[in-house]
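Here come two complexes built around chain A, the first alongside chain B, the second alongside chain C.
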Partner chain A sequence: MFATFAIGQTVPVELFGFSSETAAVPLFIDLSIGLQLLAFAILLGGIYGLVALGLTMIFGVMDVINFAHGALMVVGMYAVWWMTNGLGLNPFLTIPIAVALLFVFGVLIHLTTIAPIIDASQENQLIVTFGVLLIIVSTIEIAFSADPQSLDIDLGSVGIAGIYLPEGQLYALVFAILAVIVSWAFLQYTQLGRAIRGTADNRDAAQYVGINVPRIDYLTFGLGAALAGLAGAVIPLFQQINPHLGDAYLINAFVIVVLGGLGSFPGALLGGMIIGFVHVFGQFYLPGSGYQIAIFCIFILVLLLKPSGLLGGDSNE
Partner chain B sequence: MGTRSNRNPRRKFLKYIGAAGTVGLAGCIGADPGEDDDVDSDTVVIGSNHPLSGNLGGTGTRMDNAVQLAAMLKNEAGGIESLDGAELEVISGDNEGAQELGGEISDELIDDGADVLTGCFSSPVTNAATRAAERAGVPFVISVSVADAILQGAEMEYIYRPQPPATQMAVDHAELMPQAIRDAGQDIDTAGIYYIDIDFGQSVRDGLEEELPKHDIEVVETVGIGFGETADTQVTQLQAADPDAVIAISYEGETVELVRAMDDQDYQPPFLTGCANEALNDRRALEQMGDTTEGALATNFALDPTNDRAGEVRERFEDEFDQSFDANVAMTYAATEVIIAAIEEAGSSEPDAINDALAEIEVTDHIAAMPPITFDENGENENALAPLFQVQDLQDRVVAPAEFAESEIDL
Partner chain C sequence: MSDHILETADLTKTFGELIANDGISLGIERGEVHGIIGPNGSGKSTFFNTVTGFYESDGGQVFFEGTDITEMGPDEIARNGLGRTFQIASPFTDLTVRENLLSVYTDGLRSGLRISSEKRARAQEILEQLEIEHIADHEASDISGGQQQLLELGRILMLDPSCIMLDEPTAGVNPALQERILDHLRELNEEGRTFVIIEHDMSVISGLTDRVSVLNQGQIVTQGDFETVTSDDRVREAYLGEETDPNAGLDDALGETPSTAGATADRLDDGPTATTSGSVTATGDGGTTAQTSQIPQVTPKTNGPTKRLVAENIVTGYGNHTVIDGVSVESHDGITCIFGPNGSGKSTLLKALVGAVPIWSGSINYGETDVTETNAYQNLAHGMVMLPQDGGIFGNLSVRENLLLGGYRIDDRSVRTDRFDTVLEAFPALEDKLDADGKSLSGGQQMMLSFGRAMMTGSDIFLLDEPSAGLAPSLVDDVFSMTETLVEQGAQVILVEQNVRDALRIANHVYIVAQGQLQFEGPAHDLLDEDELVELYLGLE
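Coming up: the complex of A and B.
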């Protein structure tokens, strides 16, 4: 994929309409740089996939667009940060605690805010989840201030043949892959999982065959929140956190969910990898935040060529 | 996927993604500027228009506290002498770092009785906020905002900026930084620029790209970073370009990410420098970033280390608010000192009288490391300065120019 030697072909920055005077980015790059970028793309893609998992689950089953997903991630971030820095717990021990906490929190949010309006128009649900987002983010800002925070640990990185892998991101990737496998197995092989899938396919029919749909709803929202919590919980391992960090991930997570196919877990991971790849290489080749243009161009292309998403079924149509 | 009602889930999902993009998910709840309606007639009201929530909320809150502290200390010292001890009152508005709120918050503060305004940190917000103040005929002293376009060519009569603007920041950095390195017998021929990809970072980047070649430094790489990103790719790019100096134009979060990525990739350029970089003179951030920043050189407005009162203000701020006192806080405090001096000079709380005083004022007793503050016809400080400091034992020490130096440069 990458040439070992630069062949001197350059892409003038002006081509993209930017005014930077550092004129050119080589189109072909050194193999070691290419591999380093590829490693970052995979690591970032894993995190993006993890962020998108909960979002795709809640929308796939409940048809609710959860704007509070980023805020739930932030709760996961601060739970890990507080338990690690405040209580002195091992950060890896705090991650499952944060996930459990977010599951309970998600169920409570559903019971108090979503369930009463589950049959209302989607606009109402949208406004309610947006309100939940504001409440959560503002509460965290009041409790912990808007200052960025970091864990009091430095995990460092692993160097393999000149390629550096930040350990925090490596652990996050492992968590992402495990989360996809466990979630997929849960939905495929457990009775509750089958009930969730049945509800996702046809809510009315699910009710007729005896599935307790309201119960499935709150469990699904809880699981979605737990996945958001997991995504948030691993972020302090490699990045500073602040009450608004969830927003930075959420917009791309929406894109990933559509790209991978609504309700598809493997699709979320695949979509995350694609966006991670475009993000990292776009960042390398395009000036400033130009990679976002590339992300949305690919998003539009997928919508035009395969609107159900890469791994979405026809039922999404 | 479901069958509830006649729906197309994908289309609905897309519709709301559009909505998400539109609102930017930047929603934040701040203090209601309308809360302070009862303004005492024996008080002079300063309106503080800063981001108290949102991505810039951490620094913005500290800046707002700097305004509060300056007013508090003046009141403790007996209030405004020329107004028979009238007290200062600060009313605060939260602009959330959002451009569209800059003007609105200015208007609200003026409606609530502000006689003079200060703000806003983010340049686009300040742009909007100052236009609203200009329309209302209320003087506005910029606390911190770097973009040249806020004042230059705008023909504003009520707006003043004590800090150096972007071009001046770049001029000072391009001159002082290489000179200090070369004076110490070391070479510097190339630089890589790492900047926050918003108006602030772009303005200073453009200035450096113009100024550095005048001092025989070639800019070999320029990389941007957005809010909430890691700096992994950017550091790979910088490492590949192998510049003599990496110049960081960024807020605290993005500087911490830069240093973290440098550590992760085992990359240490010969010189790490900062231009208008708040993290390199924030001791809390320096402690967090650790030894990688040791010896780093940076130019920024700064607290005057030769002024005993500056040290006292720093201590009082840290005691009062339990927050770190960085360059932005120092500059905001100094801007409020300018406002207070103008009110004293005017002997009036009338906006026009305060504005007349600002146009002619010379403030010698302030805590910033720069000569007396006095404004030209554009409202820019004629003596604005971004001194050079160096991180020594994880503390920011001013090393040039000589009149403000507290330490010798150590490379």
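Coming up: the complex of A and C.
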């Protein structure tokens, strides 16, 4: 069962074990179902948060809107799938490898496409990143075909107090939470993390305290790509993948970045969680792709009440 | 009103808490050239924008040819015969010069479909009159800044306006072309057109205008012919900063504030001033007693030969716009001040020194090190740090994090901690605010944080870009004592300032830059004659 996105990309609804065609879902549900939905919401929220964090980081520091971000997720998915199925590696070992790979890949993308036009207009940069998106997705499609793929592993279910979570989703949830905590701590408590936040805050002032701003750009793009890659890398644990799966996530990631406040790191994580919840619970209660409408309704509502986003600062004007 | 072609009544424009235009009532006589001068941020461009409908006014009225145009849109005002140009010339860059003129919308819908022969003839006439016919078929992006200014003037002439408002028409234009622009303006004025002109170049104002209005802090300070205006104490105050007794308390300082600055306390929400704003009294003239000589200057430390920052023949600018044209400066022990009117290029010079703006030619050395090509962050490793205008703090980071980032280049944790403590000792007010976001601080506290963050770098030379700008008068002295703190700790300071009178009290060596060139260089005590200072400052020689 697939719910169709506006841009023609699909995310399988059955991944959450519920059919959106179920008529008349009761408003009050079993505690066990409720908790299960909650777990899915946190998982999806964590993945959204990671994708949005990378996106908002690159935007905040470099003022670049990275359209290739969803494609970087796809690279993470296929890296894990290929290393597991093709090379026979343990899938959990392949996740950190994929993240490291994506960091290097991000630095290379920055070196070849963004860095040369860092002073060009934002539209030019946007179009270049869109080109990178097309190249990546097409290359993956040529290499691995557009057919859906899944990991050749058998993962069971874990039951805790009557709530049954497929193991794949549980592990993905653990990875997502860990990654959010590590990213948060890195940005908050290390000198380098502070330098990234400082550069995002005031690029001019950053150079006056001795921050090598071009180098921070490389680091940021690498980290942004690694976060997208990590979000992508956990997806094959519980879902079939295809080369276009990143698009749907990217659209929602844009919503999250604006919802949380452009360039705000905590805003991206909070926004990710909110959209994760709306997505999962909306999918449960609303027919068809009604949840997507719910996402945009919440989005519009927040922007009406606080145009700079939930955790966005006041505009500097 | 009959002899006034343009008149404003109590025109007010605010941006949030900032009162940019504070009840301006100004009458422009038919056929005159009226100059508007005033320091940075005094509200000149805002006045233009409000009069010509680009901003919606927050109070008051504008009359043009006896008609109330307050509520009209900018296009309607332009078609009614009140034209304007912008500080940065903005021709349609993809069109040719002639097409730029023809693009002007003149007579109803028909002009949108077919260009009439009269319109072509008019364009030709303007091209000839302004002597830009030879570049008529060049794309507007390919012509020089001065030619773009002429084109902008020509484009507005297509509407045959009876009054034209010019926002710095000669800024960044080379002297030869500048003379030509002025000739054209005189010629157009003789044809009967009225001009209102904002200019920082005083030689332009003195040679062109019939009357001058001086704006300061959103209000008209005085009006009259150029000589009368420039000898007015209030005008000197507007440009050189208010004369306050540095030993006086806050109330005294405010009490001395002349009426022209009455709105300051409301405008700058800086804690203590807000509570005493009621005590602001209108004393008319500010005190004029020169106190400069009575103030003991900080004696710079002379422990052995200090490294100097030496810049020779600096030429730089933005785009094809030369801002600094062959200036040589060097740092001296203590505080080296760079003064100059608005748009003289002093901030650009400072940014060039620290490496934030690349220079086109010339050389910069710090001690033995060639820093001509190095960036600002590389120069920090050489011991140079810049405090950008308005402090440039990280608003979304806490005060603690701001300070820690000041120590970004320090690898040794204990050094960083020691310096952190030193900074808090120097600025105890920051200690209570360590966990507050930078943006939550008041203007004065932000500047303090900027000083503290710069001290964290452990630099030997501090470059300060107008640290007192935008601060309440009572805080200006604090900023200068913070500057002295840096010197007491053995550093050299290069200080760019608008507050000349106050800054002179702490200066050891002075440079005056006007129109991109050096007008004066020497020890601060050579500059005690204020008349001379004013002339140098205004570039009158």
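The rule is simple: the second predicted complex is superposed on the first by the 282 of 317 C-alpha atoms of A that agree within 3 Å, B and C clash if a C-alpha of one lies under 4 Å from a C-alpha of the other, contacts with A are read in each partner's own complex, and residues count from 1 in each chain.
We adopt the following convention: contacts are C-beta pairs under 8 Å (C-beta built on N, C-alpha and C of every residue); 3 or more make two chains touch, one makes a residue touch a chain.
This is a predicted model, so every value here is computed, not measured.
Room for both chain B and chain C is found when the two structures are superposed via chain A, with no clash between them. Counting the residues of chain A that each partner touches, chain B and chain C differ, and the larger count belongs to B. When the shared chain is aligned, chain C comes close enough to touch A:I211, but chain B does not. Contacts of A:N202 after superposition on the shared chain: both chain B and chain C are touched. Using the contact criterion defined above for the overlaid structures, shared-chain residue A:G229 touches neither chain B nor chain C, since it reaches no partner. Look at A:P91: by the touch rule set out above, it reaches neither chain B nor chain C.
Looking at the shared chain after the overlay, A:G272 reaches neither chain B nor chain C. In the superposed model, A:Q191 makes contact with chain C only, not with chain B. By the touch criterion defined above, A:P166 reaches chain B but does not reach chain C.
Annotation: superposed on chain A, chain B and chain C show a minimal Cα-Cα gap of 9 Å. 200-202, 204-205, 316-317 are the residues of chain A that lie in the contact sets of both chain B and chain C, per the superposition on chain A. Across the interface of their complex, chain A is touched by residues 1-4, 7-10, 12-14, 16-17, 19-21, 23-29, 52-58, 60-61, 193, 197, 202, 205-206, 209, 219-222, 224, 226-230, 232-234, 236-237, 240, 252-253, 256-257, 260-261, 263-266, 288, 323 of chain B. Only residues 191, 194-195, 197-198, 200-202, 204-213, 264, 313-314, 316-317 of chain A touch chain C when the two sit together in their complex.
Listed in rising order, the residues of chain A touching chain B in the complex are 19-22, 29-30, 33, 36-37, 40, 44, 59-63, 65, 67, 70, 119, 122, 126, 130, 133-134, 137-138, 141, 145-148, 150, 154, 156-157, 159, 164, 166, 169, 199-205, 238-240, 242-245, 247-251, 254-255, 257-258, 262-263, 280, 283-284, 287-289, 303, 307-309, 312, 315-317. Residues 15, 354, 356, 375-377, 380-381, 385-388, 392-397, 401, 404-406, 408-409, 439, 453-454, 456-457 of chain C are the ones that touch chain A when the two sit in their complex.
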